[in-house]
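Chain nomenclature is as follows: A, B, C, D, E and F, assigned in order of appearance, with residue numbering initiated at 1 for each chain independently.
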């Protein structure tokens, strides 16, 4: 169909609408130097392919710690390209015997994909307190609905690795133990709102660096 | 402007567009006999004023129990008129010494308005575990962001009452103690994911009716 | 489970992920000195508990005026903590014989909770113009769907007070009388678009301070 | 790249993923025989090109009436293909001297495009009651923000026609006069909530077919 | 109802709530000098009626080009008043024999209204690749679901004009030919990901100004 | 705090609110036997842990085909547990020399995580037609904004595997070649809307099973 004689005309025409629509927003890479907004960060100028790429999940996290586990995030703070796109990721490394303690993500659902080893995972529904738990092997996926308490631990005889995707660029992470014991919330208040014994609360406050 | 001779014509004209647009959705009162959907319940037919009204928060909840507190919900399940409207409510009664234990609402932010007495309330941010706490007197309001752990207890010398509004028709309620101890989640798992001592876990499982 | 010898290790591990995720957005208290965006104000830095608390609804509004009523808002402009959280509030004081005139909230549904007295409230559906009206006593709640005309007036023999919650941080308030008569919209235009008589329009323009 | 010998293999491969993903939802044409939901109607089966096409706006509406105007809707009730797509349309015919009376669309913003004649249009902001008004000629567009009172009337010496698009499939239409006068809302209530005189209210109730 | 003696009081009362609620967001006209955000541009100050009005679609686009067609956008970049309102528009001029080539709008559904001439339009569903096509005459409308490939061409014996509305203020426009041939994407990559022959790719790269 | 004598009272109290709130929606596993809605499928009854788990991505897809690649979806149709949760997944297997052809997902952004091998991936922005391309190794992630054309191919010397997550439960997949050549869209129309030569169109229609 394209007649060579008409080519110069075609070029000049088709380029026109693009310059006129230069503000179209295909994406909005976060400018982390600006204040956040309820919908995410303002968009940075001068975007390149590197903004949509992240290498930080390639290396295993350091699991040489008591819980023998590490969470490596690729949220908007680490990976500005996901800003406004409704998705983010993290890497989970769990050594033998390791555990990702009970926690929630206030702002996203989570989808876990096991890439190595065996992970026992569960979540607990609200109101009825039903426990939904599965043993996951390499290649299995499990989804954890937004805001519900869940946990993962290594259920096998070797290290476990998982990729975790979230339904938002900034899912948040609230580890119950840290919310209760790793701050200055007074022990008396913790006990009142949890029914835990005083000795238990003080022990964990000590372990996790809390005061009060 | 209105000329009496033209009135019959006016009536016939203006009625016409309404019949043509009879499917307009001003609201969608829940038909609780249908399956829910991710956006809420299907709309019931035959709506009347009573569907937008609820009397169930008028009476105090019964606080004659260990925690000396009661939560009376007006969520979509009790108050179908809020379906699809992005809002719901509940009444909090907290006797002297009473407490609403640590909990989250996975699907809504909460705004609390004290109508009687004094309430100490707090929430804990994710990641940084900062505690935000206030003593609230009659007429004060406080907002608790979606999905974050929070609690309320009576901080005064008389009964306290509060109206609570939520930013969704079905906010959910996950009480941490119940999620951990009031079901069949094995004690060994609870201990692994919380660092709590075995004796503590078994004591609370016994108290709250859990097994395993 | 926690072995005292391992505690230092536990602390150093668990703190690590938090510093790495410092940009998590649990909330976004409005920085009212910045320009608003379609999703709300940019988030302010240096948040404290006071940002989630508001005392301004504790005192009764002044009802010594013709309509014998007062609306005290706790929208994002007064209560920056609700920014991005999908909720806000207001207090309604209506003296005997008082009225909150016909109005809409363009950007939120409303849930009204009567704390004192008796309120007659109603809303009108679009298209079919059906009126939904209820007499509300202390403790009753009623919901008004987004954008629909509604009104409240004191239907009892004493002052009435209500807490009102909205399904958004900035619900807006468009009082029909003010939209028509309290500005410079020419009388001829008002008459054309409302069918009101010229004398009626001019009378209310005079009352409400409009011109034209 | 395509080698003829490999073609049969290519066909069998590429067809496979499609059958496996047959539930993909590109669109959701409304099944109007089902109950609506807060997000729109359930999707009908057996969709064809005709479902995405509507002829009903091609003919002029009948403006032989007092207001000398007609609104012809292409909302989800008339045009089921827009269900779930965030858009709908209507046609406005306004004869000389005609007017579309003061109204709101509770559930959508409106974009008006004049195709014939001259239209004077305005909307009124909430809270500050500022009037924004323009004279629109053929080819001009104007946008009316969601939920705000607005009006259009023929400002020229010939018939006017406009296409109106809405930011939702079911925008609603609340004509203020009809909400007040075309139903059984008692005159005393109308007067109380609008400050209108009794004679004015009764006159318009009579004109518009209301009672009470 | 309005007693003249009380009028001064009425004015002072009713004005009060407006000043107190001055931050209400009825609209958010884009300040294009600021960085965009995922929800749209920050709101500009000093809004006037002209911000909600756009004249740029009144004149025909120049169709003196190979495709004999022109798209004139009224997106947020040209018409800042639509920012945050979920709607925008464009004008389509298609001379006899003209065509708007295969394209998608990544961020909006489209509703097309033919104002002059005859347009053949079609879209293709994902997964099942079903083609939905219609011949549209003056006054007809057709809707194209978000993100799906579609096209329009003049199917008649005179020029065609259409108004196009979008379900978002910044719909984007990705013309398949331009995405493939009007940039520096290497020919070998284009061939690999499209199965097109090398000669075809190089011919169109030359026509459309691409390199590589 | 918990006194053994009070335990029976505690149990009876705390169970009460749960039965009263039985309709809380933590999740909404798709009932695929029902009609879809714009927000997803109605919720099925009788949910168990298996509903949140999917094994179908564990095995490699069959890449013994011309493009030497396979996409194995875990969308709502295969994995009903993701319904309403804003997330889904797929597995990509690309043999040496294999390619996932140019395509879009109309309803989701995509996050790709390489688990084996080397993948060259790119996407093209709308309007400016800029190409963003990266070579991805094991552990790397890349994000592809919603609705934009993108592709992946094996850039290494061994098989490549990736997990792909989407920002919605039903992202859709529109492969450009299939949309153009694997259906009954007439060759003349394809040529008109793509500028492709007739021979090229007919060749690919033949290869991909299209007619017309």
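Convention: contacts are C-beta pairs under 8 Å (C-beta built on N, C-alpha and C of every residue); 3 or more make two chains touch, one makes a residue touch a chain.
Molecules present, by chain and UniProt name: A, B, C, D, E, F = Germin-like protein.
Keep in mind that what you see is a predicted model, and the values were worked out from it rather than measured.
Asks: If you check the contacts of chain A and chain B, which chains show up for both?
Replies: The shared contacts of chain A and chain B, listed by label, come to C, F.
Asks: Please identify the chain with the largest separation between its CA centroid and the CA centroid of chain F.
Replies: Here the answer is chain C, farthest from chain F.
Asks: Measure off the straight-line distance from the CA centroid of chain C to the CA centroid of chain D, and report it in whole Å.
Replies: Computed from C-alpha means, the inter-chain centre distance equals 27 Å.
Asks: Counting only Cα atoms for the centres, state how far chain B is from chain C in Å.
Replies: From the centre of chain B to the centre of chain C is 19 Å.
Asks: Need the CA-centroid distance for the pair chain B / chain E, whole Å please.
Replies: 41
Asks: I'd like to verify one number: the distance from the centre of chain A to the centre of chain C, where each centre is the average of its C-alpha atoms, in whole angstrom.
Replies: 34
Asks: When you check chain A against every other chain, which residues touch at least two of them?
Replies: Correct list: 2, 17-18, 21-22, 24, 26, 34, 37-39, 106-107, 122, 125-127, 129, 133, 145-146, 148, 172-173, 178, 182, 192, 195-197, 203-204, 207.
Asks: Looking only at which chains touch which, which shape fits best: line, ring, star, complete or other?
Replies: Contact map by chain: other.
Asks: Hey, which chains are touching each other here?
Replies: A-B, A-C, A-E, A-F, B-C, B-D, B-F, C-D, C-E, D-E, D-F, E-F
Asks: Give the list of chain C residues in touch with chain A in this complex.
Replies: Contacts found on chain C: 2, 6-7, 9-18, 20-26, 28, 31, 34, 37-45, 83-84.
Asks: Can you list the chain C residues touching chain B in their complex?
Replies: Chain C reaches chain B through residues 1-2, 18, 21-22, 24, 26-27, 48-50, 52-55, 57-59, 74, 79, 81-82, 85-89, 91, 108-111, 113, 115, 122-123, 125-129, 132-134, 136-146, 148, 163, 165-168, 191-192, 195-198.
Asks: Any idea which chain F residues touch chain D in the complex?
Replies: 32, 34-39, 64-67, 70-73, 75-78, 106-107, 170-173, 175, 178, 182, 203-204, 206-209
Asks: Over in the complex, which chain B residues touch chain A? Could you list them?
Replies: Within the complex, chain B contacts chain A at residues 99, 101-102, 104-107, 122, 124-127, 129-131, 133, 145-149, 151, 153, 172-174, 176-180, 182-185, 189, 192-197, 200, 203-204, 207.
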